[in-house]
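For clarity, chains are labelled A, B and C in written order, and residue numbers in each chain start from 1.
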Amino acid sequence: MISFFEFFVRFLPDLLSGMGMTLLLTAEGVLAGFILGLAATLARTYGGKFWRNLAIAYIELFRGTPLLVQVFLLYYGLPGLGITLSREWSAFLALGLNSGAYQAEYLRGSILAIGEGQMLAARAIGMSKWKAVFYIILPQALRLAIPAWANEPVSLLKATSVVFLIAVPELMTRAKLIASRTYDPISSYLAVAVLYLVLVYLVDAAMKWLEQRTRLPGLSAVNESS
Amino acid sequence: MINQFFAYILQGTSVTVAVTLVALPLGLILGLLFALIYNYGGFWVSRFAAVYSLVMRGVPPIALLFILYFLLSGQMVNLSPFWAGSISLGIISSAYQMEILRGALQAVGEGQMIAARAIGMTRLQAIRYIIIPQAIRLAIPPWSNEASIVLKDSSLVYAIGVPEILRRAQQLSATTQQPFLAFGAAALIYFVLVFLVNRGLDLLAEKTKLPASMA
Amino acid sequence: MTDSPYILQAKNLTKIYGENVIFKDISLDVKKGETIVIIGPSGTGKSTLLRCLNLLTPVNSGQIFLEGEEITAHGVDHDQVRQKIGMVFQNFLLFNHLTALGNVMIGLTKVKKMPTEKAKQKALHELERVGLADRAHHYPAQLSGGQQQRVAIARALAMDPLVMLFDEPTSALDPELIGEVLGVMEQLAHEHMTMLVVTHEMGFAREVADRIIFMEKGRIVEQGSPEELFEHPQHARTREFLGKISELYGKKEKK
């Protein structure tokens, strides 16, 4: 029996080769999720009835089912409808769609917190609804959403691990390969857990830094009667 | 045919529900324990609880599940996949539930503890009769969210071969060559379960709410 | 454009929310350069009337004319109309993410499509008008209530409106900050800006208004010059209201 430390050092290069994919999936998922979440929130808050219902259906469906089921539905299920996606594409789409539903909720919360008064004042100087949304509401809502939103990259980083079940070559998949090679699953998964911990810590620190950078005087959970 | 589909996958539903019903209370008990020693314990046990929370919440549940599963079904302890998986999920959830309870305990505030001690209660009595009844009410909404997370995370025990909804869906997909229907049905069942859990706990929150607003 | 002596005219405006009649059959003619003060108990539809005049809230029936043209007609671009009618709110409603200068500029750059440099010059000029050029780079949260309201006035003025509507502009302010806002409004009146002001500041009404309108329960009870209204009110309800309000505010409003 070798010590865990030796084990960790010996297989670190092997594990690190999966880290790129994990980080890529996280970044792609956060970005795609941001675009989807923003679109869904705008549709839900300012869209007509059809768009509002569509957005609600999307958000509820993806928040109401396990990510793993979504991954399987895209990777194993869609070929049944004649659509075949690669492992990576399935993983990316599932993560993006899933994250989008959660990001939509963060944004909606902050749009509601800004209050109707800002929209009223913008309309009063002759702005159209969508101009008011883009120049007045969103610049405030996005800043306001940052503290809650800052958890999303970390939680998505952890969530990417489930795509090892469709064998996307990321961290967990590497750990599994090491486990089957060494017959020491506990050390293998402990090693990958240590790596995840380090990554989570780094992403978290980056988010805290972002939070500091985007702070504006007086602009935190603004409340006002309209 | 759709009926048979659902009937087959529904058999997995009872397993999913069972996993959740083991994991959630286990997580609650452990979480409460950790929250209490964090808030009221001495320096070292309090530090230990804090590190436990940070580490457990910093690692993906699936990675923890594998570590715990292999620990619980090894030579020393040898549990079935169902029990090993359920207990593992419970341990994972305990860190998240600890945070929820810790926040609730803190929100009740020092004043309540001081007032309880002032009428002659011991520290334990104050926690038991004054702090906890208030904290539980505050914790219900975030706890309800955690309950649906545990329910959704129960799909992870698929990976260690527990015959829950997703495993059933996969078997069905293989035998019928209808993957979209099989996994679609699984998604639908989860959706209904999550919906029921959220609604049920909303009702509980409504019922236990104290008159007037609580901070 | 029709030749009309009136800048703003309202004919038989009625506003109903569900079962509640907010106001009924209100008609109003506003001459160029006139300062009209609307007084009356709270909940009598004064604020809603202002919002309707600015098309922020639709009326149920009646017509509104701006420079002789009907703005309640079908197909009228509401955003265009609102550029010409400035509005100042009770709770300021400055854009929280923009500095004072940014607040005044954004209508110019995004609505009027003015080049940034030109917009900046104009915005600075408007801030100077309200005496806040030195606060241009402060965010709303860094300004006092009185200063915020003056920025809000500058923001509305920057659009070069034909009429300014003031919806209780001082009622959210601490007493010691009311004067600076009323001072700016008084100066605007002297510059012959056309203004419609809903307020409880009787001193301002008496000294600055050309005409005072007393509204109650969704109707115009009485209107006339300050002398007519304050010294010889025709209606018992007007006398009662004026009596109550001077009791409440005492001599404070005498600046």
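Criterion: contacts are C-beta pairs under 8 Å (C-beta built on N, C-alpha and C of every residue); 3 or more make two chains touch, one makes a residue touch a chain.
What you see is a predicted model; the values in this text were computed from it and never measured.
Student: Averaging the CA atoms per chain, pick out the one whose centre lands closest to the mean of every protein CA shown.
Tutor: A
Student: So which chain is farthest from chain A, going by the mean of the CA atoms in each chain?
Tutor: When every chain centre is compared against chain A, the largest gap points to C.
Student: Applying the contact rule given earlier, which two chains have the most C-beta pairs between them?
Tutor: A-B
Student: In whole angstrom, what separates the CA-based centres of chain B and chain C?
Tutor: Those two chain centres are 56 Å apart.
Student: Mind checking the centre-to-centre distance between chain A and chain B? Centres are C-alpha means, answer in whole Å.
Tutor: 22
Student: Please tell me the distance, in whole Å, between the geometric centres of chain A and chain C computed from their C-alpha atoms.
Tutor: The mean C-alpha positions of chain A and chain C differ by 46 Å.
Student: Taking the complex as given, what residues does chain A use to touch chain C?
Tutor: Listed in rising order, the residues of chain A that touch chain C are 114, 117-118, 120-128, 131, 135-136, 139-140, 143, 216-219, 222, 224-226.
Student: Enumerate the contact residues on chain C facing chain A in the complex.
Tutor: These residues of chain C touch chain A: 54, 56, 79-83, 86-87, 89, 91, 93-97, 106-107, 110-111, 139-142, 152, 155-156, 159.
Student: Which of the residues in chain A come into contact with chain B in the complex?
Tutor: Listed in rising order, the residues are 60-61, 64-70, 72-73, 76-81, 158-162, 164-165, 172, 175, 185-186, 189-190, 192-193, 196-197, 200-201.
Student: Taking the touch rule as given, give the residues of chain B at its contact with chain A in the complex, in rising order.
Tutor: Listed in rising order, the residues are 55, 58-64, 66-67, 70-71, 74, 148, 152-156, 158-159, 166, 169-170, 173, 177-184, 186-187, 190-191, 194-195.
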